Amino acid sequence: MHTREIVEALIFSAQGSLPEKDILKAVPGAGPDDIERYVTELNRMYEESGRSFRIERASSGYQYVTREEYAPYLKALHTPVRLSMASLEVLAVIAYKGPCPKQAIDSIRGVDSTSSLKSLLKHQLIDIKNGKPLLYYTTSRFLEVFGLDSLSELPDLRQFEEVFREEAGNPAGEEG
Amino acid sequence: MHTREIVEALIFSAQGSLPEKDILKAVPGAGPDDIERYVTELNRMYEESGRSFRIERASSGYQYVTREEYAPYLKALHTPVRLSMASLEVLAVIAYKGPCPKQAIDSIRGVDSTSSLKSLLKHQLIDIKNGKPLLYYTTSRFLEVFGLDSLSELPDLRQFEEVFREEAGNPAGEEG
Amino acid sequence: MLPAEAERPAPEFILRLPEFEGPLDLLLYLIEKNRFTLENLEVCPVIDQYLHYVEQARSLDVSLAGEFLEMASYLIWLKSCLLLPSAESGEGGEDFNPARELKEMLIAYRAIRQASLDLSARPLLMRDKFPRGSSQQERDVASLSIGALLQAVNAIRARTRKYVMDVIANRFDIQGMIERIEAILLNRRRVALNDVVKTEERMELVGAFVAALELSKRCIVRLVQRGLFSTIYLMRR
């Protein structure tokens, strides 16, 4: 196993751009120049063997990108985005409680929900009823994404106690 | 530009396992056998050039994964999945018997499975079908994580039962 | 990674009892320790050892899950069946074997345990191999599960340690409230806000108020309040 391939595996598996310092931490003994050299070597190998991807140096670190000529084919590909936990929380509140104002969502969650609301609006999972304050509610797209016919199909939360009931003395549950 | 490399780019840019049908849609004219052949060719090229990753079949599709020997270097970068024995048992019951209610899981294991269910839900390895009682089933994420193409790939449960029944001739078991 | 049977300390070890996933796990351990198989299983010594373990655990104040005690009483019953002279042998034409149910239970459990070990032995994503990281372009939202949504509810609850459910149970339906108010105002010129709600619940009152504001905005009603904290009336326009 060559350090170069460890660097490759690190960048390959990273979420988004991998900061150089994280690479240096993971492969002790290598310096920034080594990393850069490895990446150059890898990219040359990819190019020579006709690979459809390469490693790009971004301001924040290294990341894989597919070569531009493949973009037309990738556009056809449905690459779904996974919602963040925060967005899911906001969505859950709106689904069960909506239409409701942002203030109600924030107070139930105990944190500010601005960016999640933005992201959910962008994905058209929620919409806004005009008024003061603005009211948020879930859209038909929401039902589609969750495979529901209507909001009434959401399970009764009390029924869910069987899974989520708090165990005495072990509120965090098992970290399995 | 070769179709093989288009397939490569598609799988490469997908999040999670890319369903075979999506690949077929993106590269008209190619059949499942072609895709499989391309993947085999790509994997051979990766192996010969010492790449740290390969394509594997999972959840009725294809996904990129790093080779196992790199895991020690990558662990620091990721939050590894750690399933308890109890969670694994619950997962096995659901994989083999699911969709099934909690009561069925508890009765096979002889113990309450609440905390394991919680943990498995958190890891999105199982999900819930609404109903009374709620039914648990394994997700496509489960197939991805365990590198299974479908649940039918799991070894026959009776096979395990038989082994146990046949142990009569070998009282010491695998000990010693 | 997983505790092998052989590595577990014997249950006689007084200071610290080995831990078992459950009563069936303990029974299998005892069977293996006695070098029995399910085919040549002698149930009585295993039952005795099981009861001994439970007794020890209780004397050491180890909190045992209720299932262990349940199993203990089942085993005591089973043993009594085995020890009593089988006066009615041949009952129903079948050879009466009270241990069979236990055996079947153990076989089913053991098979599942084997299956779980088998699963765990597979190269596991995020443990033995890692997926390709995220791609840069943002696209559609992946289809989601109800489980994920309820997971989120649980996350909120765990964090805030309040009754999310209370609030949820009280969700108010603005549209329904608007319709109710409109229906009332078909026959009357005015109605007090407090008379619109059916219960004393604060959330419903809030809902009625929001509905009233909405109707006012749509120029369907006029809101009238003579002074601070006095009754709010909805007047048909």
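Per-chain numbering from 1; labels A, B and C assigned in written order.
Keep in mind that, in the parts below, a residue touches a chain if its C-beta (ideal position, glycine included) is under 8 Å from a C-beta of that chain, and two chains touch if they have at least 3 such contacts.
Predicted model, so just to flag it, every value in this text is computed and none were measured.
> Touching both chain A and chain C: give me those chains, sorted by label.
Where chain A and chain C share a partner, that partner set is B.
> State the chain with the largest centre-to-centre distance from chain A, centres being mean CA positions.
Most distant chain from chain A: C.
> Cα centroid separation between chain A and chain C, in whole Å?
Chain centres of chain A and chain C, defined by C-alpha means, are spaced 27 Å apart.
> Report the inter-centroid distance (CA atoms only) between chain B and chain C in whole Å.
That pair's centroid distance is 24 Å.
> If you average the CA atoms of chain A and of chain B, how far apart do the two points sit, in angstrom?
21
> At which residue positions does chain C touch at least two other chains?
Only 130-132, 134-135, 137, 142, 145-146, 148, 150-151, 154 qualify.
> Spell out, as numbers or ranges, the residues of chain B touching 2 or more other chains.
Those would be 12-15, 53, 64, 66-67, 70, 74, 77-78, 82-83, 86, 118, 121, 128, 130.
> Within the complex, which stretch of chain A touches chain B?
Against chain B, chain A makes touches at 1-2, 5-6, 8-10, 12-14, 18, 22, 25-27, 45, 49-53, 64, 66-67, 69-70, 73-74, 76-82, 153-155, 159-160, 162-165, 167, 170, 173-176.
> Report the residues of chain A in contact with chain C in the complex, numbered from low to high.
Checking each residue of chain A against chain C gives 9, 11-16, 18, 63-65, 74, 78-83, 85, 88-89, 91-93, 95-99, 108-110, 123, 125, 131-132, 135, 145-148, 154-155, 157-158, 160, 163-164, 171-172.
> Can you tell me which positions in chain C touch chain B when the two form their complex?
Going by the criterion above, the answer is residues 2-3, 6, 21-25, 32, 35-40, 65, 67, 71, 105, 107-120, 122-132, 134-135, 137, 142, 145-148, 150-151, 154.
> In the complex of these two chains, what residues of chain C are touching chain A?
The touching residues are 130-146, 148-160, 162, 164-165, 167-169, 171, 174, 210, 213-214, 217.
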